[in-house]
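Following: one structure in structure tokens, then a few remarks.
Chain lettering (A, B, C and D) follows the sequence in which the chains are written, and residue indices restart at 1 in each chain.
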Amino acid sequence: MTRSTSRRTAAANARPAAGSVDGAPPPALRLTRITKTFGPITAVKNLSLTVERNQVVGVIGENGAGKSTLLKILSGLHEPTSGVMEVAGRPVQFRRPQDAVAAGFGVVHQEQSLLSNLSVAENLAMNALSSTDNATRFGWYRWRQLNREAAETLARVGAAIDPRAIVGDLSFVDRQMVEIARALRVDEQTHATPLVILDEPTSVLERNETAILEREIANLKSVGSVIFVSHRLDEVRRICDRIVVMRHGEVVADRPTGDVTEDDLFKLMIGHAAKADKRSDAGRTVGAQNLVEVRGLTRRGEYRDVSFAVRPGRCLVIVGALGSGRESLARTVFGAEPFDRGEIRYRGDVVSSWSTVRATRNGMAYVPAERRTEGMVGGFSSTENITLARTGARPRFVLNRAGQKKLAREWFQRLDVRPDDIKLSLQRFSGGNQQKVVMAKWLQSDRLRVLILDHPLRGLDPGAAETVNDQIRIARDAGTAVILLADTLEEALDMGDDILVMRDGDVTARFDLSVDTPTTLDLLERMV
Amino acid sequence: STTTGAGAGGTGGSQAPIANEDLVLVASVINTTNPYMASMIEGAQALGEKLGVEVQIVDSAGSSQTEISKIQAILAQGKKVALMVNTVASSDAPTIVNAVKQAGGYVVIWWNKPDSLEPWDVGNNFVAFQKYSGVESGQCTGRALAESLGGKGNVIGLAGVEDSTTSQTRVAGFEDALKAYPDIKLLEVQSANWDPQQGLSVTQSLLTKYPNQVNGIWAADDAMIIGATNAAKNAGLYNDIKFVSDGLYPPVVDMMSEPNSPIVGETFHRGFMAAAIGLYTAYLAATGEIDPATLPEEKRDSLFKLACVTPTDFQDYTKWDGDVDAWIDTLIENGPWDTEPTPLVGQGPEKLPGT
Amino acid sequence: MANPVTREPSEQSVSTGRRTRPHHRFEVRSLGEVGALAVLIIVFFAINPSTFLSIGNIRTILDQAATPLIVGVGATLVVLMGAIDLSVEGVMGAAGMAFILTTENSRGSVDLGPLSFVVGIAMGAALGVAAGLIHTRLKVPSFIVTLGFWFVGLGIATVLFGTETIPLLPDGGIKAWPNETFLGLPHSFWLAVLVIAVGWVVTRFTRLGRFTYAIGDSEEVARSNGVGVARTKLYVFAVAGACTGLAGILATLRLGAGAPTVGGGVLFLTVAAVVIGGTSLGGGRGGVLRTTLGVFMLTVLTNGLILSGVDSSIQSGVSGAVLIVAIIFAAWPHRSRLRIVK
Amino acid sequence: MTQQPTEQPTQRSPERPLTDTATAGPSAGPRRRWSALDVWTTVGPLAVFIALFVLVVSLRPAFLGGGGLAIVATQATAILLVALGQGMVLHVGSIDLSNAANALFCAIVLAQALGSFGGGAIVLVLVIGTVIGVLNGVLVAFFQVPSFALTLGTLGILQAAGLIVSDRTTVYAEDTSLLTPMFGTAMAGLATAFWIGVVLAVALWAMLRFTVPGQSLTAVGLNETGALFSGVRTRAAKISAFAISGLLASIAGIMIIAQAGSASSTGLGSDLLLPGITAAIVGGTAITGGITNPVNIVFGALTVTLIPIGAAALGMPSEAQSLVYGLVIIVAVALTISRRRVGIVK
């Protein structure tokens, strides 16, 4: 890599202050009384925080606590409304994302921020383009070099991704690995001490990728610092040296990891202790007839010869690693993707010309993994989103606005959605609260029969996850058939009545949990 | 002549004469960049200056909607209007006539109107309709083209906008003239929308469609012949093809001035003359100097003389462009129907040959 | 524009496993458009065996394609960002008038020699910059800004045209240049080839070009990736204006006369060519070479219809029908219920 | 390493009840006021029109007395109808470049048929216009072709069809008595035809705001994938938007005959496309879809019509009028576009 010559203000500021007072190096980052408001909303309030060199700081907090906003301030996407930010003892102001990069900040945002029409190599180089990186010096691309450097970076995170592949063609997880690789690359690209900022990087990752990330974080610690946000408390405790808990935009606790247990953290975040696990079948109505039955279903390139059945009141969990085809299968059942062979039976009848519209009218519901693009209409208010699904056989012509508001208020309360503003457009809510609204959209229907959930807990804080899980159980107990693609195997064992294991498009095992008691290891064996 | 039938106060004269200071002369043209339209504006302004009456120009920008709106806006200004309008489409005429009538103004329409809409059916406010004969133009240039080819060869034609009556009558005259020359073959007539750029590309395509076959090109007006001659020049065929067209624009005069010019026939008429004749007719009616109701029908649905120009006499016509003001003087002196070189020659509506 | 967006997000966004498709070396990805062009050529050749593929007609087609090709390079860059440039006809008029009035012409206004080319191109670029500034600073949609600049350009051209006689270029000299041939093909076409080549290099190998794609994919994400969105947009509008200015000069040279309406019909031709070529109006997908294909499809179509003797009043109808068939043909393989096309 | 102030809240935070969001934290408060931006989004187009009108009248007072507003309303009618249709298509994120050609084609057919079929001709034309719109919609929805390119093709076909049906000349309607009340009668000084446009605008507004199909259109415009996954009939929504556009185009065609009594390929109504789109956008419609207020399109249409009329009424030099038109349109849109999604303006 080349010497950097023309750094902007932030970079200049980022150099260590001349002569530290007592010889101890200044902290990598010091925030003093940072506040960020969006109109009437205060997302971050009077927040002060220090990150020392060679330290991994975990930031946790419930959905909407202000974690992402804080990280966006650190990455130059938002300018704080007030407060002071110091990097290595020097006050800095990030006006643009490049300023943050120049100061050595590498960021993985909560929402993926890759350009899907460009190649992996290009995306990896993107945020360094303002510098005099050799591969793109003077605005001229040297593809060969760009690709070679990208391959090196990718190798570092153990990702076998072709640097020339178009990002849009990659799987969700591969894209996440590219993002992580890009953030980690900041130490190659700049000569400031790296500070890597990770906003829920693991929520979409599976075990081995998470392990690689953990290893990389450990490596980084020797040269720089890390800020790590996650809702997985065990992970936070394993990775971080210090844990900062945020609530309502403020830091409510800042403890060395050794001083707190997972339960303490839960309590600090949510305000009450975690509820005991309650796997009980009391009051559950299980239907005798199959509600959805799939026979020999095949979609070329996705899955082969899949058969299963779900009854009312039962939960079928489909587990599988990447490329198992389970997502496509779930979407096929909902009518969103076509299939090549086999049949889907709904309440005993073979469905023909199945579509999302017919599925919905028949009481099927689908919560997609891609919340923002598929699960909701961001420009609509929560009220409109909750009442959007056309679940009635013959929907009314005139909107019942009063009824909608009542419904929205009711579900806001039931799912504890915050902020408590049913008119605010949904894109303004934090991810967890958006997910609650997406759930409410389907749960409010009294015709709900089949609930298909694709990673419903992705990005949810433990409290919200609990709320959503409770709602899934309530719906199941009331006689809804549930098909769940779970995030973790623990979740699968916790929620499922039946488990279907898939690998590369084939069903490799089935378990009936009322008979079998597989361990996570049993499942894992058949997945990979 | 009838020019000075001052205040005859005939049967149809429902309105009192309007004084110069209460009057505004309005010339409505299709656009401001076509040389013919630019000439019309020049004529209107020269007349206004001579008469001491305010002149307003309406630029229709090629749109009936804009034309009608702007005319109505001027009618709404309060002053009485004497209007000369070169209609974008003939179907605009009834709407404009009605609007002017309601506002108590006077209108003369140039070039386009429906045959069924006759001034005497409307009343005094629709003073007259005026045009040069399109059939005659087409016949004149068609004949010149055929003669220059010795009565033998292949020709192509460039028409104006598809549904323009002006273009249709000229094409009809052109085709009619060729009937007398059985050895002249009309290969094709294509529309080039009065546009030099399209004249260029259509000619370019036709020249390749009929390689080394085209001996003559006819165009419905000079804007398109500018494109056609350039296409021929680009193809290196300029001196192998004969050209005819309508209007005798200054650039075409320059081309004709060259030795052995392939421009073998033109017609002469001028935008400034048309505009001034039309506007002056409306002005006379507005000021009460003529009473439209008493005019003979040929003075209310009129065909003016159009001169057939040959390579030998085209210089005779350039003198008119030199001194517009002097021509305006003769117009005011002789009245709209008797001014050289374009006196009234007949009555409309124009009949297509063979019908 | 009207945000007629063509996106294919959902198929690809799902975690469907590690099946990364091999990268694509060629920009012309699907051969749908190439096929459509080939079919057109074959059909017209069958109808007009003696003329359609004659060297004369090939020269004609290449010459007629030159202006929209040059405009198309700029238009493609703009569309790749998800914006649109409707100002081309006005800008061509203004640039053409600025050029002819500063070169040797029958009005004898001024003669700046070769500098007149610079004046014409600068006029185009300046209008592009002005439109770009309004678009980025006042956040007015490019659709409206450039629509406004269509009229502004026409207005400037009209004022320059004034009331004097039409300015003409003297025969020979620069006027003859576009039609003289090099290697048997007209200079106008070679000029277009040069512009396309530069356009292609810019889109493939330079930061400006790659940023254009980035902005087209997602302005927000591009910004968070450090792309100077406003600045890039401004540059692209300037480049597009300069291309349009050059096209205005070329059209004026071909016509041999100055006319504010020298760009008449070019807008729909180029926008249609960009879209037919397969560059998505939503931005981010497509490229200069695709537009080249689109321009040739439309130019061949117009030329072929004339050669085939189709009545001029139904030519627009036939091209419309062919256009519809062509885009359906090109879109057919990509159909999927989840594909969003606007 | 730990900061003093941050430790303080730790003491009480865990005990704070969950629902206590009103006192602290990122809460907007359940009752939001209308922001100035919301107000402007709603009244902007009206305000811009009034400002321009007042400007013209103050410079040329006779314009008011001479029935300036009536002229503007009359001339705006066809533009308004086409713009309303365009607004609906823009609302679902597409565009209809053929609707003005559709209007003119309907006008030509009506002029041919009015003499022999009378009222039946009007019904015929309404059906033709709607069917053309539906065809556009079906092709866009089922063949997944970009509406811009598709309707460009339809535009060419309709132009040719107009020339053929009219036999390349002006067609004069034999008996327009049925239609004379449209512009022959007035309410509050403005032509009945204009009020019909206003009523249709209000009806569309109510449809978008208060009905389930209207909500579906909006959902498709804001996020088609999201709508699809909620069981919304997205194809039906698109087809209906194009159908409405076709229907309104045919009504515009009827108004052209009512106004001119005749139709031709280059006559009145032959250049409604750009003014129609412009009126929709000046009326605050977002080209990105999902944001349309049909009532504001009324003011958009009035503004777009007023600019050239006003320029003529003020006696502006004709060479400068095109310049002024371009600049005023840009300013009007800069003032009226929805700023709800500022940042991503394309």
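Operating definition for what follows: a contact is a pair of C-beta atoms (placed from the backbone, for glycine too) under 8 Å apart; a residue touches a chain by one contact, two chains touch by 3 or more.
Just so you know, these numbers come straight off a predicted model, no measurement behind them.
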{"item": "Winner on C-beta contact pairs when A-C is weighed against A-D", "value": "A-D"}
{"item": "Centre-to-centre distance between subunit D and subunit A (centres being mean Cα positions), rounded to whole Å", "value": "40"}
{"item": "Interchain centroid distance [CA atoms averaged], subunit C/subunit D, Å", "value": "28"}
{"item": "Computed distance of Cα centres, subunit B from subunit A, in Å", "value": "73"}
{"item": "Contacts with 2+ other chains: residues of subunit C", "value": "9-10, 158, 313, 337-338"}
{"item": "Multi-chain contact sites of subunit A, meaning residues that touch two or more partners", "value": "336, 373-374"}
{"item": "Subunit D residues counted as touching two or more neighbouring chains", "value": "163, 168, 225, 228, 319, 321-322"}
{"item": "Those chain pairs that satisfy the touch definition", "value": "A-C, A-D, B-C, B-D, C-D"}
{"item": "Subunit C contact footprint on subunit B (complex, rising order)", "value": "31-33, 35, 38, 41-42, 159, 162, 188-191, 195-198, 200-202, 204-211, 226-227, 230, 233-235, 249-251, 254"}
{"item": "Footprint of subunit D on subunit C - complex, ascending", "value": "1-6, 9-10, 81-84, 90, 134-135, 138-145, 147-156, 158-159, 162, 219-220, 268, 271-272, 275-276, 280-281, 283, 313-324, 327-328, 331-332, 334-342"}
{"item": "Interfacial residue positions of subunit A with respect to subunit D in the complex", "value": "27, 33, 39-43, 45-50, 52, 64-66, 242, 245, 247-254, 267-268, 270-272, 334, 336, 356-357, 359-361, 366, 368, 373-380, 384, 388-391, 395-399, 401, 416, 418-424, 441"}
{"item": "Contact footprint of subunit D on subunit B as seen in their complex", "value": "32, 41, 56-59, 61-66, 68-70, 72-78, 88-92, 94-95, 103, 114, 116, 161-165, 168"}
{"item": "Subunit D to subunit C touching residues, read off their complex", "value": "90, 92-95, 139-140, 143-150, 152-161, 163-164, 168, 224-225, 228, 274, 277-278, 281, 286-289, 319-327, 329-330, 333-334, 337, 339, 342-346"}
